[in-house]
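Multiple structures are listed underneath, in structure tokens.
The two complexes that follow have chain A in common; it is paired with chain B in the first and with chain C in the second.
On to the complex of A and B.
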């Protein structure tokens, strides 16, 4: 009997995944169809409510002129450098604060305060200080990524089981070895989670920063399209934004997170203590 | 913690509090001294006193209160509107697997573009002002929240439905005693993250499409190089968020964590 139910449980997911994917595709098609039909019904000028056909045409046009690839490359470069900077700083400060009670007391409250000043609020000041362009965007994105990474690193470091540290030290490990062979690996799942959360906020941050402080990139495409009444371009930018984020999240961030938790998460699961 | 020897005499201050305050003092004094030391012009970094004076004069003439009120009211309306539609709709969608599977990709797509990217389109549709900003906030909050709710219901183990059905629960009982409590963690996560996204969207939308509010005040001041207003806006944005977090979310979280044992 258990065999049968186990086989049923094991057997079920395979076809179900397929139907769910078909249903998902159906859902997207239905939305596209509703959009087209609503365009016919509402019958407003294209700059006000562009049809899927207009958007597709704008997409082809932007590709042919080379604007879209260039903008995406710009955005990707800004995003990658910003996220990398924020991640590095976040992990460093997370370790510093997590490992020393003194630094945690000293820096805890001010970090909480600066976390509350969202990156969006920094952009006006950065524009005054640095002007429009790459550096302002870089700082804003690093800023967004920094905090979730820091907080999660902190949690990771603080939940390392003392037993493991003691064990390694009994074996004669130096402080550095404790850090690299116990603390970092067991904090890694948390760090990666923080990274994924930060990357999500940073993506929105990027779009906003580009709207205000850039002359290229996806955010600029969306914003500039609206001011020049090329609404089809606005929608192309929005769809690209969604597609790129989903691709990044599903093809990179989630697999990485899952892999780290599978590889390193065991360390946490063993002890039973939170 | 308490074993640190406190000095005799003088007010007893928790040493932990004191260490935490120290960086604020350092930042403030650096801020005050930097223009003189590094020769930074006042339009780039007005002194803390100037910002303080601006704060007082704007409080006195009531303009600050009205900007803050405009922002908070908009946030509240957007938050209520977004969540009141999103959570019931999310539960309804998630109850039927076919519907849920059809909607999930669409929802996750809209969730990932929700927010700031809608601002330009909102301006075309609603013009600059209240309508656009509200649309963007409600949109952001709606998709963040509904996605969480649907995921929450989907994560409920099938066993629980069967168990409830075995005990003779009808559809309504299953909803109230399996679906809602089971999805509650994710709903709360949704309530919380939608607020975080909503707050950012509010400030950002006010900057680009607003005619009043704290975000509008902050970016508008850049045009006139009124850096003291920019700084004041930033500090207030930080303080308001902390206040929202402490007054609304921490208590809710504490209550629900205790009630439902949601500690992970």
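On to the complex of A and C.
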């Protein structure tokens, strides 16, 4: 029996946290302690190597001044809009290319070519064409999400068992019914996997786009903090990125992926029997 | 509320509901704060105002002031804004970091 469960048996008022989660919290505390000790040992100026207490003070200051909530809200809106746009376009183009040989031959090489050009390369050009602000960031994020979703959708469509399509066709299904009843459900686990991968890349794309093309958001907070030598704010921005990504992954992406894949039978739910 | 929901969907749904509730609470709190800040003010279009803060404004705050009117500077814990737009001022007053808003007396 672990220490935590033993304590729970003895009736101690411990929250219901799993042992692995306690280990995760312990890991974070160890990293914080090592960080603080290294600050004492190295003894560099605070603007060069801020201590955890400086970062905590900067965090409180940014909250008090209303900057951090506003920047998080801006980043979250840009992220959600960009991911939704990229997902929609990726699924549509994935289905188009996966279902039509004509469109596959026409668009395949072009899409493959653009896949190699990272969004970072596009941002300076987008700034010249569209200017700083929301639209440039939206395009950058959508671009990042588009390719993983498209290629995963394509894989999903191409790996649908022909016997299933034939079966519903012999029952008189139309093309639309084949698409909605067989192809889309079969491709869904791949689409969700592509979505999760794209959502991760999109987070990096968002931060980078905000560093270059925005006057608000977490990316801008990091960039602005570096230019004004407020490194404690840079670290706050970095920590917030990590926390938001963890929350997004744990609360939305992982459960949705698990639910979808289990729903469509690729893996068996835990404890689901043999 | 989520009794009929499959267990694997509960976490995203709870998280989404919590997010919506937090956003609604923040919006209501902001509106209550704005009402108290602007209670005794005659918000005629183009009034000159002073916004009190508990800290020196940064770029973020100055940009917010510039959306309200002509920002004229910071002194004695107050930001002076000339020719304030009434609707923009209401939006500014919803921010929790705004301590107080008052009309500037006309200079003789």
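Methods note: the second predicted complex is superposed on the first by the 246 of 274 C-alpha atoms of A that agree within 3 Å, B and C clash if a C-alpha of one lies under 4 Å from a C-alpha of the other, contacts with A are read in each partner's own complex, and residues count from 1 in each chain.
The rule we apply is simple: a contact is a pair of C-beta atoms (placed from the backbone, for glycine too) under 8 Å apart; a residue touches a chain by one contact, two chains touch by 3 or more.
A quick note: this is a predicted structure, and the numbers were derived from the prediction, not measured.
Which term applies to chain B and chain C once both are placed on chain A by superposition, clash or fit?
fit
I'd like to know which partner A:122 touches here: chain B for first, chain C for second, both or neither.
Touch partner of A:122: chain B, not chain C.
Count the residues of chain A touched by chain B and by chain C, then name the partner with the higher count.
B
Answer with first, second, both or neither: which of chain B and chain C does A:241 touch in the superposed model?
first
State whether A:114 touches chain B only (first), chain C only (second), both chains, or neither.
The first partner, chain B, only.
Thinking of the overlay built on chain A, is A:249 touched by chain B (first), by chain C (second), by both, or by neither?
first
What is the minimum C-alpha distance, in Å, between chain B and chain C after the two complexes are superposed on chain A?
When the complexes share the chain A frame, the smallest chain B-chain C C-alpha distance is 19 Å.
Find the residues of chain A that appear in the contact set with chain B and again in the contact set with chain C.
Shared contact residues on chain A: none.
Using the touch definition up top, name the residues of chain A that touch chain B in the complex.
Spelled out, the residues of chain A in touch with chain B are 19-20, 23-28, 30-31, 47-48, 102, 105-110, 112-114, 116-125, 127-129, 201, 203-205, 207-208, 211-212, 219, 222-223, 225-227, 229, 231, 234-235, 237-239, 241-243, 245-246, 249, 274.
What residues of chain B sit close enough to touch chain A in their complex?
16, 19-24, 27, 43-44, 98, 101-106, 108-110, 112-113, 115-121, 123-125, 197, 199-200, 203-204, 207-208, 215, 218-219, 221-222, 225, 227, 230-231, 233-235, 237-239, 241-242, 245, 263
Touching chain C in the complex: which residues of chain A?
Residues of chain A touching chain C: 64-67, 70, 215-216, 224, 247, 250-252, 255-256, 258-259, 262, 269.
Taking the touch rule as given, give the residues of chain C at its contact with chain A in the complex, in rising order.
It is residues 6, 8-9, 11-12, 15-16, 54-55, 58-61, 63, 95-97 of chain C that touch chain A.
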